[in-house]
Structures are given as C-alpha cells and as structure tokens.
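Labels A, B, C and D are assigned to the chains in the order they are written; within every chain, residues are numbered from 1.
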Amino acid sequence: MALTIGIIGAGRIGKVHAENLVNRIADAQVLAIADPVQAEAEQTAARLRIPTALADYRAVLSNPDIQAVVICSSTDTHAHLIVEAAQAGKHIFCEKPIAFDLRTIDEALDAVASAGVKLQIGFNRRFDPNYARVRQAIASGEIGEPHLLRIVSRDPTPPPPAYVSVSGGMFLDMTIHDFDMARFLIGSDVTEVYTMAAVRIDPGIGAAGDVDTAVVMLRFANGVIGTIDNSRRAVYGYDQRVEVFGSQGMVHTENLYPNTAVISAGDCIRRDLPLHFFMERYTDSFIFEMRAFVEAVIKDEAVPVSGLDGRVPVAMALAARRSYDENRPVRLDEIGG
Amino acid sequence: MALTIGIIGAGRIGKVHAENLVNRIADAQVLAIADPVQAEAEQTAARLRIPTALADYRAVLSNPDIQAVVICSSTDTHAHLIVEAAQAGKHIFCEKPIAFDLRTIDEALDAVASAGVKLQIGFNRRFDPNYARVRQAIASGEIGEPHLLRIVSRDPTPPPPAYVSVSGGMFLDMTIHDFDMARFLIGSDVTEVYTMAAVRIDPGIGAAGDVDTAVVMLRFANGVIGTIDNSRRAVYGYDQRVEVFGSQGMVHTENLYPNTAVISAGDCIRRDLPLHFFMERYTDSFIFEMRAFVEAVIKDEAVPVSGLDGRVPVAMALAARRSYDENRPVRLDEIGG
Amino acid sequence: MALTIGIIGAGRIGKVHAENLVNRIADAQVLAIADPVQAEAEQTAARLRIPTALADYRAVLSNPDIQAVVICSSTDTHAHLIVEAAQAGKHIFCEKPIAFDLRTIDEALDAVASAGVKLQIGFNRRFDPNYARVRQAIASGEIGEPHLLRIVSRDPTPPPPAYVSVSGGMFLDMTIHDFDMARFLIGSDVTEVYTMAAVRIDPGIGAAGDVDTAVVMLRFANGVIGTIDNSRRAVYGYDQRVEVFGSQGMVHTENLYPNTAVISAGDCIRRDLPLHFFMERYTDSFIFEMRAFVEAVIKDEAVPVSGLDGRVPVAMALAARRSYDENRPVRLDEIGG
Amino acid sequence: MALTIGIIGAGRIGKVHAENLVNRIADAQVLAIADPVQAEAEQTAARLRIPTALADYRAVLSNPDIQAVVICSSTDTHAHLIVEAAQAGKHIFCEKPIAFDLRTIDEALDAVASAGVKLQIGFNRRFDPNYARVRQAIASGEIGEPHLLRIVSRDPTPPPPAYVSVSGGMFLDMTIHDFDMARFLIGSDVTEVYTMAAVRIDPGIGAAGDVDTAVVMLRFANGVIGTIDNSRRAVYGYDQRVEVFGSQGMVHTENLYPNTAVISAGDCIRRDLPLHFFMERYTDSFIFEMRAFVEAVIKDEAVPVSGLDGRVPVAMALAARRSYDENRPVRLDEIGG
C-alpha cells in the first residue's frame, strides 16, 4: 500500500516535493496540499492531480486518511507544525532548519518522541550520489582513517539583505548544509569551531548584521580537522565540492556541469559553467531523500536523517557565529550543543 | 489541450516512453498501450494508470480519440505499422530503424506523405545535452568550418550471436545511431564510406556473419572527413564520445559518470566507471525527444527527426557493409542513398 | 669513457642535440660541429664550449677521435651522409626521414650493414614519457589485446607552400612521425592503408600538390585497425594525442600544458592553451633518445630505433599518398613496403 | 660577462644548484664549491668541471674572483654565513629558512643592509610556472579582488622523528614554504593565524614535540581569509595545490604527473600517481629562481625574494605554533612579526 501524504506549503520547495512524490515515487500517494495562499495550493494540485487543495494546514492534520506530512512552510512555522503533526499522529518530513534556537528545537523533538512518530529532516545533500560516494569511501575504509576534511560551498548569487535578517544569517541558512555534510561524511561530531568571516560581497548584508564570506574550522571528536569555505557569490555559479584526506588516500568531488563539451579555441581551452541553481544541481537528491522517507515509514525503519541530525547543525551554526563575534575557538558544549 | 497518445509495444523501450509520457510530459495523455503479450501491456497500464491495455494494436489505430501513436514494437513491424497508422490518420513516433531495406522504407515514407501526418524517428541521442552542445558549437560557428569528425561508440556488452542475425548486424543495429549523429553534428550528408572491420570479441558473431569491431571512414558533401569507431564490448562500460575539429577550434565530449568522486590511493588515482547502460546514459534524451514530438504535433511544426532522417542512416549502414565486403570505398549513390 | 661525437648540421635540431649532448648527457663528449654556414657552427661551438667548428662535414668523418656522428643536415643529404659515415666506421644517429624513396634508403641501410656500425633514426616521440607509458600498457597486457588505435597529430601552424614542395609533402614530413608511432605502440606492422585527404587550410599547399588535412586508416598484421588524424593548423596549438582500445581496457593520453591553472570565470571555465611548439612539447624526448643512442653504442647493444624503423614509415607515407591519389586501399607490399 | 659564483654546501640541494648553474644558466660561472665533507665537494666539482673544491667555505669568501655565493649548508649555519659573506662583499643566495628565531635573522639582514649586497632567499616555489600563473591571475585582476585562499601541501613521506627535533618542526621546515606562498600569491601580509594540529601519522613525531597534521587559518591585512592544509604523509605522493577565490572568479592548480596516460580498465578509470619527490615536482623552479638571482645581480636590480621575504614566514611559523600551543588566534605582532 502506498503511504498517504499531505504537503504543507506550496512554495518553491513544496512544489519540488509534490512533483517528486506524485511522479517519481510509486509508493507515495499525495492526498492534499495546503498553503495559506490557497491559489498556490490549487494550482499545484491541479497540475499534479492532487485531490485536495487547502488554505489551512489543520485540515491536513485532522484528515484521518493521511499518514504522513511533508512540512515545506516558512522556517518560523517548522517547530510548531512538527509539534502539531506529532500530536496528530502523523509521520513527519520537515525542511531544515527546525528552528533558530535549541530550546524550540528540543520542544519539537520532545513532541515527536512522545508521539512515537517518525521525523526526517530535509538535509537532501546526503542523498546526492557524489557525497554518498565520498561517505562510502570513508565508511568502507577506502581512504583509511580520515585526517582532514574540506567543504567548499559557494552560492551563485547573494540573497537580498532583507532575507538574511529573517533567515538567521549565513551560518543558519547556508552553512547549515555544510555543518550537516561535515558530520555525515566524517561520521563523528564536532567539538569545537573557529570562524573567520567578512563582508566582501554586499555591504547591505553587513548592515543587516551578517557576513557573506567565511571560513569555519572544525575539530571533530575523532581527531579530524575540517574547514568549510563559504561565499554568497561565486560568479562562475554554484560551487559545491568536498575533499577528505585520510591515512590511506584522498577522495574529492567536482562540480556538476550541464554538458561535458570542451571547446579548444584560439585563446583558451574552455567549458560551460557548472550547474547554476541548487534545484538543478541537487535534483536527484530531492527524489532520493523523499524515497528514503517513504520507505522508512512503510517499513517502519529508522529514518536516515533524524531529529537530532536537525538539531546539531543549528548548534554548530550558533557556535560558528559566536566564534566570529568573539574571535576565539568556541566549544559546542558552551552553547548546549 | 494534451496530445492523446497510444503506445504500440510494451517492451523495454515502450516502457521508457510510456513512463516519460505519463510522468514527465505534461502535454501528453496516454490513452492506451498495446502489446501482443497482453499481460505486459496490462502491467504497464496498471503501474502508470493508463486507461486501456490491449493485445491488438489495431484497436489503438481505430480509436478516434487517439491522435498519435508511439511505435516501439520489433523492427520488422515498424514499416507496416507506419503505413497503417498513417492511413488511420495518426501522427507517428517510430523507433529506429524503420526497416533494413530502402524500398520498404520508401513505401512507409510514401504512406506518411500521402496521409499528411507527422513522422518522427527515435534517434534520441540528438537530444542528449552533450551532443546538442556540440551541434551548437558547429552551427554557431564557434569552431569555424568543420574539417574532421570522430565518433566513438562502444557498447559495454556484445549481444548474443542470435541477435545479430535478426538485427541486421552491427552497422544496422548499433552504428546506425552514429550514422545519424554524424549527419546531425556536421549538418551535411555523407557521400562515400570506407570500412575496416573485424571479429575480435566473439567468434559466434563472426559465425553469424557479422563483425564486432569496426572503423568506418566518412566523406561528407561539405568536405568533412569523419571516422566512427565501434566495438561491441568495452570492458570499462558504455563509451560514447565525439570530437569535431574545425578551422577555428575543436569541440569534444567525455563520457558520463555516476559520480564525480576521485580517489587518490597508494597505487593510482582513480574514479568509478562511466554509466554502463544506454538507458542510464541517455535517460534525459528519451524525455527530450518525446517532448519535442508532442510539441511539434501540438504546434503543427516540423518534427526534429524526419522520415528522411530515418532513411539515410540505413543507406549508410548498407554502404558501410558493402565497403567491408568488397574492401573498397563505396559511394552512397551506389546503393540508392 | 664518454662517447666522442661529431655533429653534422647546426640548424634548429642540430642545436637541440648539441645542447643536450653537452649539458645533459654525461657519457657524451662533443668534439666537433660542422655546418656549411660556418658561422652557425662557430656560434654554437662557442656557446657550448665545443672544441672544433667546421664548414666541411668531411673533417668530422676523417677525425679518428670521433666515434659517432649525429646527422642533422637537410633531408636530401641524409642518405649519402649515412653511407659516408658508415664507410668511415662511425656510429650514426640520423634525423628522419632517411630519404623520400625506398631505393635510396636501402642503399644507405646496406652501407650501414656492411660497415657493421650502429644506426639510430630520430623518431624522438617514442621516448616521450606519455607514449612510452601507452606502449607499456600495451606490451604489459594492461589493456589486453589491442583492437583499435587512434593517433591525433595536428600542427599549430602550416608550413609555407614552398616547404611542402621540398619536404616530400605532409605524409612524408609530418605523418611520418605518426606512422612510426603506430608501429611502435602496436608492436605490429601495417599491411594496408586507406586515405581521405583535403586542402582545407591553405590553397597554396594545394597548388603545390599537397594536402593539409587527412585521415589515414591502417590495417595491422595483428588485426588492429587504426586511424591517424592530421591537420596542418590547430588554432589551439599543438595537438598530439593517442588512444588504444583493447580487449581489457583503453589507454589514452592528453596534451601537455604550460601550467595546470584553471580559471573559473563568469562566462566559462578555462585554462591556457597547450604547449604550442614541438620543441617545448617534446623537450625531454630529445634528451632521452640521445641518451639511448649513446648508451647503446657504449654498451654495444641494439639501438632502440633501427634503420628498418626508418624505412617502414617512408613506405607507409608513399602508400598513404597513393591511396589518396587513387581513392582505394593500398597494400604496403604494392610499393615495396 | 658571467657572474662568478662559489657554492657553499654540496649536499642534496647544493648539487641541484651546482648542476643548474653549470649546465642551465649561461650567465653564471661556478668557480668553487665547498663542503666540510671535502670528498662531496670534489665529486661534484669533478662531475661538473668546477675548477676548485674546498673543505672550508672561508676560502670561497676570501676569493676575490668570486662575486656571489650560494649558501646550501645546514640551516643552523645560514645566518652566520650570510653575515660573513656580506662582510666579504659577496652577493648572496641562501636557502630557507635563514634561522629559527627572528633576532638572529634580523642580525643577518642588518649585515646585508650594511654591506649593500644583494640577498635572495630560496623560496623556489614562487618560480614554479603553476603558481606563477596563479599569481598572474590575481595581480592582473583576472579573478577580481581575492577573498579566499587555500593551500594544500602534503608530503609523500614523513621525516624521521630525529629530524623534526633539529628542523624546528613542521611549521618551520615544511609549512614555511606555504607561508611564503600565501604572501606571494595574495600580495598582502598576514596579521593573524589560528592553528589546529595533531599527530596522526607517526607517534614518534609527537614524542619529539612536533605535529604531523595541521590546518592553519590566515587573516590577511587586505581582508583575504586563507587556509593551509598540511600532512607529513600523503600515500598517493606529493600533493601541492592552491586555490584562490575572488570577486570575479577562481583560479586553482592541480598536481603534476609523470605522464598524461589514463587507463580505462574493467574496474575503474585510473592514472599513475603524481610526481612523488619535490625535486621532480619543482625541477624547473630551481632553475628559474637561480636564473633570476644571477640576472638581478648582473643587472643590479632588486632580487625577487628579499631578506624580508625570508623573515616573515619564520614569524608566521612561530605564530602558528603558538596558536597551536595556546589554542587561540595569534596576531603576528605578538611575536614581533
């Protein structure tokens, strides 16, 4: 039997999940989609032949035919939607981050635990075949004991300064993916971070109290030393690479390209720019993460990205910010991490 | 309004087209699927919620609600199905090759012309983003006037010798894609071919009268000189590359890989093998060719791969074989090309 | 004891060999250099501290202290210089080609055989580390039995039409290196060739009776099928690559670059052009071939590129030209190859 | 007129400089070579036809025919040899580091300033064509304003623990090259560093008080944030790469390989390991740095790597070590940098 699903939020990422659930995941059946802007919900429902479009998410939660919800609403609603969905007995897939503070996250996780439902957090990059291959190289011992990690994560275009005021800032809206990736790849937790950061792209971001360029150094419990290298604007497009160096070798990945054509011209050897937009770059990962969620619920197995996996990167982001503010290494346990 | 479609043939490629039409092409509506093995048709229909599954393709052709048919049956049925579909007034997408001989092809094309329906041939590789980029480099003048072409096309695994007896042989079942690619990329027709070929992989293929290793040299009307390099078995997987050299530069493509991870180990620097199977390697091209067909019919525009485009590569295959048999260059006009 | 050497010819390649022998090959001692333009010989001698500079090569041949000569004079003098040097009992390193016709070559080889001296031909590319690695991959069985060979050999700039009148034409002055490479890599002889060629770069070359663009197909005695792809002008620089496909794998090489820097810019990902000039591209190979010659003489071992290795590529060039003239495959035995 | 040179130290690097000066640099004339192990000096002198071999370097300094000295002795002798050579009025090329402490360095630099001679420090990597190209990309504005720097520098094999006791430790004997590279590439000085480091390769190195794995973060005066990533043992060989990200693009380099051959086999696509040894990897840079020194002296121009350039990386190394010891960011001005 297919898993019956209600989607809460019909914005950009909600549409991606709706389309994947309807067209690419045989074991899922989307029964309803809700969005405060009801027209958005209706349009998507019509296009994908989803039977019900709603303005109020509560009608999703109260529908006894729906077994699981996919939360794609704005970040400030995630935590209380998790709580309400858990209380309604629904399994939950929720976009990241759960919240901007650990106390709110802990309340949501408590509600999930009490209800005994499953909660998967939307760290889709773990499901990208490139990073999955890196994780495999480490987990299998192909490169021996890991010693050094490097994550490059640079966006093609900076957000408007207004956005960083509500997003929690670069560490919480962008680096958070890299914090999750670091834990996922190394299979160990980070105990201390040190940050150097700057405003190099847009003074407006600085005026909004945030940074747009940063390097965060990570000390892992298992002895690995890592760095995350962020910029809000890489003129050549989305730059997403990792490198792990170990006692028996190194593994690294490259960017993805729209084609493999190389032009040898009279002035240089060149190729087209890498995939520019995160939805092109990570297309498959969104399908794979949702397939994993549906399968985990159907088979009653552990989800691959737990609520705790949603909490820790927020703690890392808070520590990275404090390190920047105070120009000193900050231990995760200082901020309840 | 969506284009209403009936699919004839529910084998491997029929399933691919059915799935793409149902899940990935919003402007198409599949009303029926037919296969002599009715269970095959029924299974696919059930999985994809296609309303009707049939054993007899004639029920597709006689259905007045169906505007277009997609012919995915065995090659020996292509020509007469084209004739019958044309006579029934259906637009036609047909897998390649149309037939093994030019007379049969010409009869089918005549029927299409008389009926005034559209016919698109399934040379999907033209829609692969890599080759499309190469074509663009040539058509836009990015590499100047083309002088030299090279196509590498090597399969991961040889077919059983029994297959080559019914497929028409390597030039007609495998090189035919490369013959089409040559014309597509260069935008000019081939006037003469010369073939060296051998049996190097499987003596059984030789016993069946075919070859498994070949190089075909091509002389184009516009002066380009090309080579096609084929093998039935590349141990490292599916090898599909092109290179075009021109007066102002060169463009070439590389194989596609399941991931970009590179392992630097103690004995070598290595990566995983390229995508192994044609359905993985050319996944997107199958979607794009079908989208182009649906759009051409709906907008009443010319299809991108015409009936003539289906005929010429068969003529090239026949010439390549004759060149091999007689060890001399063979002009296309010798065999009615 | 060092091998004592006289150099005949102080032109471009003569200077290269002189410098390598003096500065890079400890076991060689250059006693004299001769050139009809005595000033050239004197300049080089002064710069490299070679004791004697001469106008007349005969003073080199008659010098009893000189054990070996390095012939770098114009091609039309190679054969008679080989004969005279052999008669004078000198070991001989001679630039390619020995001559433009097989009879003259045979006379020179006979003189060498009668005198019992060593003769090495200057096919330097065999000593390039890239091709040497390809040869190793084939000889060691790393790619199994070879099936297909491809050689790309494109020059950065065409010679003046006047040059092709005296050089013997493209097949004899340029492709000859590729004919040698083909035999070297595959370790088998070519029995038949077929050529398509054209004038695409410079009509003046056509007016001089030569071609500037060609593909030559090769049939080897051991069943390998090969192609050589030539152009007199690649706008992106010197293009020198090979690919060998075998039953257990493929090996291919790439061009060499002045640096590994890759620029990711706002419009493309690019790198600098490959090494442009043959003397940069093949720098090391000139040292290695001369070291091999010196060592073979000192140790009285077989030279790595024999007189026969100098003869066969000339026969291949003559066959390639005849194939082009008559548009048919030509067997090597037709022209005494 | 050629610059007359005396070499002090006939060890590994002394031999490299001697050979380059004799065979590759036309404007230099080596008159003498000195080494406490006189047999070493004599062997090298004999092989390279250097007229004089000495045990005592003072005979070099007192030779009025010698204009410049090349100091290749052990590090603990560098500073006083600079002082003595300066007092003797010789121009000086000295291997890095000048000394392990800033006071000793300052005394040496004072002597050089007083004597008015030239002093070039042997940071050869600046002359590597790959890094030179990166520097050019930055200096020319090709990638805009630099924001982020990354240097990877991993050795193929750790030194014996006894070595690190006398070398000053990893930061002073290995990272020092990267500290220089950082300043060279970015064209700005570092104001603060933060280090995470560990013993992951050899406990003996830890027992000797040193680390073998480290990441050093750098804050530059011009706002760039950099990281240096070091390991004493990369099993795949010498790993030497840089990446600079800027407002208008990125430039990065790759490792160098003995050949470009790629093997596509049944289990993976692979190539041979990169150049393993620093003398192979940086061969050309040793020639180029010495040519630059000889030319600067002859033309009486500024040397490209000054005494100050020799001092600053030592200060950076001391700061990096203090940062590690105290687990806090350390400003260069704290240690007199």
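In the analysis below, contacts are C-beta pairs under 8 Å (C-beta built on N, C-alpha and C of every residue); 3 or more make two chains touch, one makes a residue touch a chain.
Worth saying up front: this structure is predicted, and the values here are computed from it rather than measured.
Novice: Strictly by the touch rule at the top, which chains does chain C share as contacts with chain D?
Specialist: Under the touch definition, chain C and chain D have A, B as mutual neighbours.
Novice: Give the label of the chain whose average Cα location is farthest from that of chain A.
Specialist: It is C whose centre lies farthest from that of chain A.
Novice: How many Å are there between the centre of chain B and the centre of chain C, using C-alpha atoms for each centre?
Specialist: Once rounded, the distance between the two centres reads 43 Å.
Novice: Using mean CA coordinates as chain centres, what's the chain A-chain B distance in Å?
Specialist: Each chain reduced to its C-alpha mean, chain A and chain B end up 39 Å apart.
Novice: Determine the centre-to-centre distance between chain A and chain C, using the mean Cα coordinates as centres, and give it in whole Å.
Specialist: 58
Novice: Multi-chain contacts in chain D: which residues touch at least two other chains?
Specialist: Residues 234-236, 239, 248-250, 264-266, 272.
Novice: Give the list of chain C residues in touch with chain A in this complex.
Specialist: Those in contact with chain A are residues 234-236, 239, 264-274.
Novice: Which stretch or stretches of chain D touch chain C in the complex?
Specialist: Contact set of chain D toward chain C: 23-24, 26, 47, 129-130, 132-134, 137, 142-143, 248-256, 258-266, 272.
Novice: Which stretch or stretches of chain D touch chain A in the complex?
Specialist: 144-145, 147-148, 150, 154, 194, 196-198, 200-201, 213-215, 217, 219, 223, 225, 227, 229, 231, 233-236, 239, 245, 247-250, 327-329
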